[in-house]
Amino acid sequence: MRALLLRDLRLAMRAGGGFGLGLAFFLIVVVLVPFGVGPQTELLARIAPGILWIGALLACLLSLDRILALDWEDGSLDLIATAPVPLEAVVSVKALAHWLTTGLPLVLAAPVLGLLLNLPAPGYGWLTLSLLLGTPALSVIGTFGAALTVGLKRGGLLLSLLVLPLYVPVLIFGAEVARRGAEAMALTTPLAMLAGITCGTIALLPFASAAVLRMNLR
Amino acid sequence: MELVVDQLSVARAGVPVLRGVAFRLAPGRALLLRGPNGVGKTTLLRVLAGLQPPLAGRVSLDPDNFAYAAHADGIKSTLSVAENLNFWADLHGTRGSTGIEVALAAFHLSDLAERAAGALSAGQKRRLGLARLLVTGRPIWILDEPTVSLDRDAVTWFADVVRAHLANGGSAIIASHIELGLDAEVIELEPFRASWSSATNDTDFDEAFL
Amino acid sequence: MASIWEYANPRKFMATTDVVLPWIAVTAALTLVGGLIWGFFFTPEDYRQGATVKIIYLHVPAALLAINAWLMMLAASLIWIVRRHHVSALAARAAAPVGAVMTLIALITGAIWGQPMWGTWWEWDPRLTSFLILFLFYLGYMALWSAVENDDTAADLTAILCLVGSVFALLSRYAVNFWNQGLHQGASLSLDAQENVADVFYHPLLVSIAGFVLLFVALVLLRTRTEIRARRMRALLLRERMG
């Protein structure tokens, strides 16, 4: 299992692996928003948590189809499926690798981009925490979507259509934590819900992902 | 352990292609699958490897006994040859015991070990894909057209590797049109082709579609 | 005999629905037209909402079916996963567009009703938002069905998507509730409905709902028959090609 994780990380870091693409996309989205809504700092400060969350979510979405499609194309997925490792563990490790290469950099970059949007001072910690709790769920749900669409020729667009509705609860609670954090309001409930959803998806969704992957491989 | 395949029926994309396939394979023996394109060789091999369920019938051994090599080699072009093989050795938990050096030497890849796999020729990639079989440490090899894009020398090396594997008590099931010079049994798949009349004999509930 | 699963045999299903479907369709038409005419023309106007309240006879049944169509798909998907009856999978496939249209009707009538009541066509009210999300789920489900070529694989994948989607739809419902408390009136229909809707409105509403349910059943049966025929045709084509 460690071998698979290391391989995926190494592949992402090497040329053409797409590491950093999500980060650059995140930066561009956040830079574009003021052009769209105007440069008033109060307005930007108010919508900053939401913008940062949506930017992170879209950046995450961008790299989902790489999780499994590349391994499918060159036949590695078949061979991994015949190796003595459970497919549930394989999809979990794939999701972890995706989070480490996409989710974690987004979490670290978010406070810096928060500066650009005049995020109020109390918001930085909560924003980072909410992303730290929420992005693993985005990766796990995304892996499920990737497993659903892995055999399809033009799966990319379908993948977004399938995954985005599944992202709604995470987005709502995550952005709510960040917003309430920025406005210094009580946020225990959304924080607990966010953590609960993340734990639940990490614990249960790999079984569904492995099941659909098996169906797609046969 | 002897492999016994009994009354095996397999389907491709929901359509039965082979019915009632039966054979035995003792350790140290090789079996060649013969049959025209589309008869279901690949499908049969995928069922044996555990990648898809059979329609009916029994395979006496667990998929864990099979090492599968298909048309695609699963090679990552940005990793080096050694990194590619090490990954499969780690995944099969055989790192250290067999070592990838043996596998590399068997296919004359030792000099290329540090080369990025993307820089290999098609034949060299194929050899790397076949070298993976040695690091899996599994007794029964399932080979789907293993000699595609190999030159004459490489075919000889490959045949030597298979012979050594058989001599060590392993066995192999090979779908190939090329004569490898192996002392092998041959099974012709054409007689097992699933005909539509046999399909409609199943009065199975949901088969009413066919 | 006497097993409900007999109807899961495509032949038996086709034979039975061939007889039953016209009756259901006619009953559906009569009930629906009766309920709507009763509701539209023979009920008093609400003292606060005026004539606009009458859209309730479209809005409430459509909204009810939007959710129940998904539940029916969920049940059919479970039956497919557990017992692998093709008719069940095809029924789930057949119900999806009907459910999606019901959701759309609920959304549109909601907007038309909301305009004079709340003074806006669209309000990010939790219920309306939930229906919008449900609509997205329907779209994804249908898109996956049409994208996968192998029928059995498509049935498997969409069944799992339906299961996972149901959990996330529930989560979204809760999340949206938390996110915005909303303007919607509470239960417009429950067992103690007298508290919410007076009898004069309530009885024609029940008839309309019965009409919508029958319409839904008729449409799903019809579409399932079409799917079975399409499936059989694909099988025959395949057979011809393979000789």
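Order of writing sets the chain letters: A, B and C. Residues in each chain are counted from 1.
Here is the rule we go by: a residue touches a chain if its C-beta (ideal position, glycine included) is under 8 Å from a C-beta of that chain, and two chains touch if they have at least 3 such contacts.
Because the structure is a prediction, the values reported are computed rather than measured.
Q: Among the chains, which is located farthest from chain A on the basis of C-alpha centroids?
A: The chain lying farthest from chain A is B.
Q: Please indicate the chain closest to the centre of the assembly, with centres calculated from CA atoms only.
A: Most central by this criterion: A.
Q: What's the distance between the Cα centroids of chain A and chain B, rounded to whole Å?
A: 37
Q: Centroid from C-alpha atoms only, then distance chain A to chain C, rounded to Å. What do you get?
A: Using C-alpha averages as centres, the distance is 32 Å.
Q: Compute the distance, rounded to whole Å, between the mean C-alpha positions of chain B and chain C.
A: One centre to the other, that is 48 Å.
Q: Among all residues of chain A, which ones touch two or more of the remaining chains?
A: 218
Q: Taking the complex as given, what residues does chain A use to touch chain C?
A: Of all residues in chain A, those touching chain C are 144, 148-149, 151-152, 154-155, 158, 161-162, 164-166, 168-169, 172-173, 176, 189-190, 193, 197, 205, 208, 211-212, 215-216, 218.
Q: Any idea which chain C residues touch chain B in the complex?
A: Touch list, chain C to chain B: 8-11, 84-86, 149-152, 228, 231-232, 235, 238-239, 242.
Q: Which residues of chain B touch chain C in the complex?
A: For this pair, the touching residues of chain B are 13-15, 196, 205-206, 208-210.
Q: Which residues of chain B touch chain A in their complex?
A: Counting only chain B, the residues touching chain A are 46, 49-53, 63-64, 66-68, 70-76, 78-79, 83, 86-88, 90-93, 132, 136.
Q: Please name which positions on chain C make contact with chain A in the complex.
A: Listed in rising order, the residues of chain C that touch chain A are 133, 136-137, 139-140, 143-144, 147-148, 153, 156-157, 160-161, 163-165, 168-169, 171-172, 174-176, 178-179.
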